[in-house]
Each structure stands twice: as C-alpha cells, then as structure tokens.
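Here it is: the structure, laid out below.
To keep things simple, chains are lettered A, B, C and D as they appear, and every chain counts its residues starting from 1.
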Amino acid sequence: MDIEDIAKRLMKFAEDRYWEQFHSPKNLAISLAVEAGELLEIFQWLPENTPYDENVHEKASEEIADILIYAIMFSQKMNIDMKKAVLKKFEVNENKYPVDKAKGIAKKYNEL
Amino acid sequence: MDIEDIAKRLMKFAEDRYWEQFHSPKNLAISLAVEAGELLEIFQWLPENTPYDENVHEKASEEIADILIYAIMFSQKMNIDMKKAVLKKFEVNENKYPVDKAKGIAKKYNEL
Amino acid sequence: MDIEDIAKRLMKFAEDRYWEQFHSPKNLAISLAVEAGELLEIFQWLPENTPYDENVHEKASEEIADILIYAIMFSQKMNIDMKKAVLKKFEVNENKYPVDKAKGIAKKYNEL
Amino acid sequence: MDIEDIAKRLMKFAEDRYWEQFHSPKNLAISLAVEAGELLEIFQWLPENTPYDENVHEKASEEIADILIYAIMFSQKMNIDMKKAVLKKFEVNENKYPVDKAKGIAKKYNEL
C-alpha cells in the first residue's frame, strides 16, 4: 500500500472542496484526537479479550481509516516524511527496549 | 511506502519481546488515544496559524510515527485491511460531500 | 466541596498571569482531551483489575485535578452551570436506562 | 455545588443497574477520554474565537456533564479526594508559575 498515492488523492479531495483553509496542523491534530476517541468508544465497555464480532470489525475499520487519513493529511501539512519518522522510531525503540531486558519485564508483568 | 513491510517488522519486534500478550485491540485503541493526546499537546497553546519551528516539527514527527505504528498494529490484530478501509472511506466521503455542495458550505464558513 | 469557590480562584489565577487570552473554549477543550489522555496513559498496559499501588493513585490524583480544573474553566468561559448540566444528565439517563431494562442488559453482558 | 452529593447519587444509580462491574478505573479513564473527544469534536472546525451559538452551548453542557460525572465516579473508585487533589495542584502551580515570570511569558506569546 502506497501512502504517497493516498496523500495525493486526499489533497485533491480537500482542494476541490475549498477545505484546505480548515486544515491547519492544529485542527488536524484535533481531528486525530476526535477519531481516536471514536475508535476507543467501540471498546469502552467490552472486556479486554472478548472475541469481537462483525459489527465491531466494521466500525473499527471505519475509524482506523479516518485515523490514517488524518495522519497522512497532517504529515502533508507539516512536511513530515512518515516513512522516515517510522524508521527513526524503530531505531529509538530497538535501543530503548533491548530484547533481553524487555523479555524479562514482560515476564514479570505476566506474573502480576 | 509499504504498510505491509512495517507491519511485519512491528509484529516481529513485539514477538521478540513477548509483548503480544498486551496488544489486545482494546489496549491498542487506548494507545492510539494516548498518542493522539500527545500530538495535540504540542499545539495546545499555539495560535492556529503560527508558523511552526524545527522543535515542533521534530516532536510532531515522533508522535505521528507512534500513531501510524499503533494504527498498523491495531489493524493487524483486528484483521483490518487498511488499504481497503481507506478506499471505502473515500467512496463514502465522495458521496457524502459532493464537490458543489461542499464548496458552498466552505464558502459560508469562510465568511463567519 | 464547592465548585464556585474553585472557579473564582482559577479565574483569579489566570487573570494574574494574563493567561485569559489563551483560554478560548476551543483551547480549553483541547486541554481536557490532553489531560484525559494523560490519565489514560497510566492504565495503558495495566490489566483491567490489577489492584493499583500508591504511585498509580498519586499520578491519577494529579490528572483528575487537572481535568476538574479545565472542566471548571471551560464551564466559566461558556457560561455553563455545571450543577444544572449534571442534574439534567441524571434526568436523561434515568429515562434512557430504566432500572429493570438496564439490569437485564448488565446481566447478559456479564455472561459473555 | 456539592460533589459528595453527586457522588452518592451516581453510585446509587450504577448500583441499581448492576453497572459497578464495568466501572474499573481503567474503563472509567477510557470513558473520560471518549467524552473529552466528544467535547472537542464540537470545536473541531470552528475558528478559535467565533462566538458560539445556543446549539454549541447545549452540546457542550451535555459533554461537560458527562466529563464531571465520570471524573467523580473515577475518583470514588480510586479513593481520590477531589478537593484535596485540586488544592494540591493549586499549590504546585503557584510555585511553578510565579506571577511575574508567567506575565512575562504571556506577554511574549501575545506578540507572536
């Protein structure tokens, strides 16, 4: 899946509707928080490990699409290279959580 | 940028650290909301259209990487095809906001 | 505990620091979402029913104070009477969730 | 307005409906984030300083009531004394943001 293609289509979609004026980074960050809240709402009262049904899957797909869409639009507006940002985060996390140490902590958690 | 490759690397990273046990859809939805809150915090007191500096760009890149990472992990756990979900959303939005109508509303907003 | 007294003290605190200029309803709604995200972060990887320790209690107290503070400031800016709003919500919820029906649903959930 | 009275009524309301089983601190923190997202949604595309109309006021009142209700329920479950928590936060903030320093920063912001 190619994020650049989605980005182009999103920019065109907004441009055609004169929506760019509303798409400040601050407003798009608000949109991301709003959509993340809507995704979370689906799981609000569900036990952590209930098998989810078709209805949950359908609603979650819609919210995750909104989140991805706003994340891409935000990155466009801020000139963020999402691929580079993710690769950098991988590097940070690999140093921050070395395999052996992380395994030990996970095991302890598991015994809570 | 290829989401499938990131997904594989993320799954391997979590597996190596025994972290899969924590990655229920509910917990990953919580993580998305937490990260969206951290992104929003950057803009909390900034005027809507202030030009952002290098520091804001750097912090925003980190948060957007976290959001993308959790969105991909969530989709893996829920068997959501992100590409399909985004394409479906495009279709919905193109019907919901026809160009002419959307332009009219945007214009009115603009005159507020 | 008297919300009006806290409200007065909060307004004075902001006024003394020339902070009122930043306290638009939109910005205060952002602050509430940011603080709710920080509260949620505490529980991000904790199992739902782990007994919480002193550290969790301490951090949760701080976040809940921030949430209450911003909720009061927001209400002041929007001329919302919090007491009236809560009493109205009670009425709505009592009609929406009659005791007998709600009990039945809770029982079914419980058997999941 | 007396938070203790609301707290008692909320506990009774939940108890009557067998809802206590769902009200873990983790779930109530989720509810707070969800409601904060709903409050934020109202302002998502509004310019920061638009005068708000009756409709915005009405919807904001409902969301702020939900936020206060969940904050009180969360505090009950965690044995948090909200009054004490707010007073402590006042003390922290008064030391963290001394009047003269805060004024200076606000003035600089204002000139952006």
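Rule of thumb we're sticking to: a residue touches a chain if its C-beta (ideal position, glycine included) is under 8 Å from a C-beta of that chain, and two chains touch if they have at least 3 such contacts.
Small disclaimer: the values here were computed from a predicted structure and weren't measured.
If you lay the C-alpha trace of chain C over that of chain D, the rotation comes to 180 degrees, to the nearest 5.
In a homomeric contact, the two copies may use the same or different surfaces; for chain B and chain D, over half of the interface residue numbers are shared, pointing to the same surface.
If you average the Cα atoms of chain A and of chain B, the two centres end up 3 Å apart. Averaging C-alpha coordinates per chain places the centre of chain A 25 Å away from that of chain D.
The set of chain D residues that touch two or more partner chains comprises 22, 27, 30, 33, 36-37, 40, 43, 45, 48, 109. Partner chain B is touched in their complex by these residues of chain C: 22, 27, 30-31, 33-34, 36-38, 40-41, 43-45. Remark: chain B residues 30, 33, 37, 45, 47-48, 50, 109, 112 touch chain D in the complex. Considering their complex, residues 1-4, 6, 9, 13, 16-19, 21-22, 24-27, 29-30, 32-33, 35-37, 39-40, 42-43, 46, 48-49, 52, 57, 60-62, 64-69, 71, 74-75, 78-80, 82-86, 88-90, 93-94, 97, 99, 102-103, 106-107, 109-110 of chain B touch chain A.
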